[in-house]
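Chain naming follows the written order as A, B, C and D, and within any one chain the residues start at number 1.
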Amino acid sequence: MKEKMKRLERELKRLEALQADGIDVSEAIDKRKLELKALKVDFPMDAWDRVIKARDAKRPVASQYIESLVEGFMEFHGDRRFGDDPALIGGVGWIGDTAFTILGQEKGVGTKERVKRNFGMLNPEGYRKAQRLMKQAEKFQRPILCLVDTPGAFCGLGAEERGQGQAIAESLTIMAGLEVPVITIVIGEGGSGGALAMSVSDEVWMMENSIYSILSPEGFASILWKDSSKAQEASEVMKITAQDLESFGMVDRVVKEPEEFSIETLPSVIESIREMIVETAAAYQALPVEALLKKRYEKFRAMGKVSEKEGME
Amino acid sequence: MLFKKRTYATIQLPKTKEPFVQTEADPISRGEVIPEGDFHKCPNCGEIFYAEILKTTEGVCQKCGQHLRLGARERIAQITDVFDEFHMRMEETNPLDFPGYEKKLASYRERSQEEEGVITGVAEIAEQRCILAVMDAGFMMGSMGSVVGEKITLAVERAKAEDLPLIIFCASGGARMQEGIYSLMQMAKISLAIEAFSKAGGLYISVLTDPTTGGVTASFAMQGDLIVAEPGTLIGFAGRRVIEQTIRQILPEGFQRAEFLLEKGFVDRIVPRNEMKETLSGILRLHGGIR
Amino acid sequence: MLFKKRTYATIQLPKTKEPFVQTEADPISRGEVIPEGDFHKCPNCGEIFYAEILKTTEGVCQKCGQHLRLGARERIAQITDVFDEFHMRMEETNPLDFPGYEKKLASYRERSQEEEGVITGVAEIAEQRCILAVMDAGFMMGSMGSVVGEKITLAVERAKAEDLPLIIFCASGGARMQEGIYSLMQMAKISLAIEAFSKAGGLYISVLTDPTTGGVTASFAMQGDLIVAEPGTLIGFAGRRVIEQTIRQILPEGFQRAEFLLEKGFVDRIVPRNEMKETLSGILRLHGGIR
Amino acid sequence: MKEKMKRLERELKRLEALQADGIDVSEAIDKRKLELKALKVDFPMDAWDRVIKARDAKRPVASQYIESLVEGFMEFHGDRRFGDDPALIGGVGWIGDTAFTILGQEKGVGTKERVKRNFGMLNPEGYRKAQRLMKQAEKFQRPILCLVDTPGAFCGLGAEERGQGQAIAESLTIMAGLEVPVITIVIGEGGSGGALAMSVSDEVWMMENSIYSILSPEGFASILWKDSSKAQEASEVMKITAQDLESFGMVDRVVKEPEEFSIETLPSVIESIREMIVETAAAYQALPVEALLKKRYEKFRAMGKVSEKEGME
């Protein structure tokens, strides 16, 4: 049966490529999806399945989460330095009766908007907009919610010229020092430094089929094995699923997804987390600032903690 | 005498099998070959030197001025009057159970006689005490895994606890792939330590040496109160080849070099190797408040 | 009823001789002519309207969407439910003894029935109290002299003292030449007040309306925690013509307009006039912590 | 005799233009300068004389002040955002036994360097570099010395695109909040917002023949009288000399200049102010932070203070 699944997935991949080229094979696609779905009830998904889900074009994007989760959302633009990055949506709105600053990496829906949003890959302006709005949240003592969904940092000339390394580095220190609670939810792809720049948070949650990794499986395979086509293999050894990260203690909560996760099924997911977000933020907000910062420090301090060998001077 | 006895246990330069200066690329991953024996070729102008002569020039090519890559121990010898290493032997880690990782690590350890890609300790530079961490681009491309992250974090915490300035010599190909997400989290771990140190008023000088790339650039390399770089140092986040593939054009010669970063506003000063010690001690004095 | 009695003395819209909307340029300094009587011409598309019709559209051209310039009183009427003016009559000033300045000031006062180019007071916007300052581009081009600087500073200080949010509608041709260095110092004076207010945790919303230029742009216009702008607003520091003379090329159409500033990252939001009140009250509620 | 001076000055101006075009008339220039000098002993200078002096190409520039005043100067570059502005020199060095952060607007010496330095006109990066170094001075509790010498803000496309208005505005609020002493010396031209962006300081000093104005006399004449050739007339009504500003209470100290102020005579001027700088900084540094900020606030609060008319409700 595992064999059959693999075959169906291969076929599906090819059909979807055709569909993307404008050839309508949607019926054939749906048929195989149904078959796959039936099979999967019995088999746990492997990492590559989750990679595919995490990247699915039908998967809800940050703007849809905001639409569904946040009331009276007011978007604010710009880094006050160079530009406004459409790959990052930032603003303020109500979750329940609490005003939050919300920052979302936005992949966009539809080809045109995906191009405009640079497929969720931030330029330095995007990190700096986020920093500005984070500092503002701190000034007004508002909790922050970050939605992470990015393939990773952007490999453009301008991004290097304008210091994306510096921009990410500054996001890390700013988040390290933020005196308000920060919750991050990885909703799709959590790729490399681009994801980390919004994830030095008091709690990091992941959607059930999201991934969080040091770089894309393709990039990993390319660097380590000189063969980017070995991405599937890479995804298995990289340990990038929500389940992996939860077992490492790097993720505080894995949010259950419906079988078919899309804009249609998003509201039920939102309802399952809304209260949790508000309550979690309130719990951290209740801490004295020193305790909040200490807790955040210790959370990350424990990651990759290595001890000295015994018996040494 | 380079390594003088102070408060901590002192160390000797190990009998390393590595050449004095390092080649541009990691030989294992890029398929290049370290020149054998007593000669070394300048990767910039092609000039061939006796390795011994390079020692007298601090590893700077006397023909073209190229600053060849140095091992961490040699760097420490050039910069400090006293160096007391935090004499740690860290547990081996393989958090992802990555196939072959232990073996690869062991081979680097054997070859370099070093435990990992960074050396940390308390240093004295022209009578100014500081905490010093020096990365080694030769150890698995200077990649950052949990041990490197832990040692640097401990160094930053030590600087905070003892109220000493902090200097980190960066040299890194980026995150260590074999440790996956654990490598990524080292960026966060170190950044938290640096922010806490900074809030306490600590001075952190970041020194960028060839190459400073990837996750190191996107964290502590760029978090210095002051950032100095050796001439010609490669400094970037994304790799040159990846960018070229993405934008489908060849990048200009000086792209991602220290001089380019200076012009773009990301580096405070470019400091030739033979002025590095004086520059660092000058900065330390200015921040110590005593002329 | 627009102006409802609250804690402070209330005011009435004065019987001004000024037209409801203002022309693009100051007639005295740029030699243009305010259209007389009941008609007004859209400076963007050239459409001619009955002035009365413009009132029903809040001064927005229904043909092209151009946001025509509004007088400060009209602006206040559109935005607030309650407005209690800080009913001040400031001393006249001519700190440089500039020839002809008093006479020019007197003519503007006579014509506008206003004392100076900014009106300040306590406002209620959808049940949210705040301190409001509204500049008037029609009063000597909305230029900033000592009186404007003083009134704005007093408003900021009041916001700090009463722990109220602050909203400033900017509209200015820049510093007032006739007061020379005194005008320049108003930028510093206001900035100090805003920084003190901000450190105390105050919220300041800067609203940019046509035109926001010169010293106002280089101070409080750009110091808002949040900066919103009306569509099409001219926002800049250096004047367009001066730049064109300097770089010897014609600038593109949208240069220095609100949409350009949004793209360049200097404006949080562009808000059409008919959404301004709702937007401001939404922001105030979000920062007041009560839905 | 005033007439004769004016004639000599007009001749001098024309001769200097010739000289600038590469025609050697230096002897004729020197002769007239000497004559002028002799005359000036008896007559007070008018504003335009000072404008000429403030702009004199031989007048010492910021880098020369630093060279002469500061020991162990270590220049630091860049705004960490976009670029390094050569029109602003920033760094740290010793004045006496005190470490200062020094920020100087630099016009440059010689045509080539003047072009590189953009004639002392900062781009937004320049203000942002200054801000960064000011915040750093604050972190390390170092006093700051600013040297102002700029014709004004730069009228370039990029400067507007990258928000020079925002940059100056941010300099003003940062200086307003700085918890370390700041001393500004206007050494040549103090032009408009570009000068103010380094002058929200605890003490503002001016060199005897420097100017400080809302904009250049040429710009003033052009805006108000539509005739930039009336700059000389404008300079008289604008009240822009050190003596004017001292009488307005906007300048705390006017520093005497030698008759011929140049790199040769600079050291004597430096010796006359070195101790004063150190002592002034020390005096402000001795204040509690709240007192320091309050003093600075009140200093500028009094400028253009207008009272309400009496007899009002």
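Please note the rule applied: a residue touches a chain if its C-beta (ideal position, glycine included) is under 8 Å from a C-beta of that chain, and two chains touch if they have at least 3 such contacts.
Quantities reported herein were computed from a predicted structural model and do not represent experimental measurements.
Colleague: Which chains contact both chain C and chain D?
Modeller: Touching chain C and chain D alike, sorted by label: A.
Colleague: Please report the minimal path length, in steps, between chain A and chain D on the chain touch graph.
Modeller: Shortest path length, in steps: 1.
Colleague: More C-beta pairs touching across which pair, A-C or A-B?
Modeller: By number of C-beta pairs in contact, A-B is the larger.
Colleague: Could you state the distance in Å from the CA-based centre of chain B to that of chain D?
Modeller: 42
Colleague: Between chain B and chain C, tell me the centre distance in angstrom, where each centre is the average of that chain's C-alpha atoms.
Modeller: 54
Colleague: Could you work out how far the Cα centre of chain A sits from that of chain B, in whole Å?
Modeller: 31
Colleague: So which bits of chain A are touching at least two other chains?
Modeller: If we look for residues of chain A contacting two or more partner chains, we find 80-82, 162-163, 166, 170.
Colleague: Would you please write down the residue numbers of chain C that are in contact with two or more other chains?
Modeller: Only 198, 264-266 qualify.
Colleague: Taking all chains into account, which pairs touch?
Modeller: Here the touching chain pairs work out to A-B, A-C, A-D, B-D, C-D.
Colleague: Would you tell me which residues of chain D are touching chain A in their complex?
Modeller: Per the touch definition, chain D meets chain A at residues 80-82, 128, 162-163, 166, 170.
Colleague: Can you check the complex and tell me which residues of chain D touch chain C?
Modeller: So the residues of chain D touching chain C come out as 153-157, 159-166, 168-170, 172-173, 176-177, 192-193, 196-197, 199-200, 212-215, 220, 223-224, 237-240, 244-245, 248, 250, 293, 296-297, 300-301, 303-309, 312-313.
Colleague: Could you please specify the touching residues of chain C with respect to chain D in the complex?
Modeller: 9, 29, 87-91, 93, 95-96, 98-99, 145-147, 149-150, 153, 175, 177-189, 191-196, 198-199, 215, 217-223, 235-239, 242-243, 245-247, 251, 255-256, 264-266
Colleague: Going by the contact rule set out above, which residues of chain A touch chain C in the complex?
Modeller: Touch residues, chain A against chain C: 72, 74-84, 92-94, 97, 99, 125, 129, 136, 139-140.
Colleague: Could you pull out which chain C residues touch chain A in their complex?
Modeller: So the residues of chain C in touch with chain A come to 198, 201, 203, 225-226, 262-269, 279, 282-283, 285-287, 289, 291.
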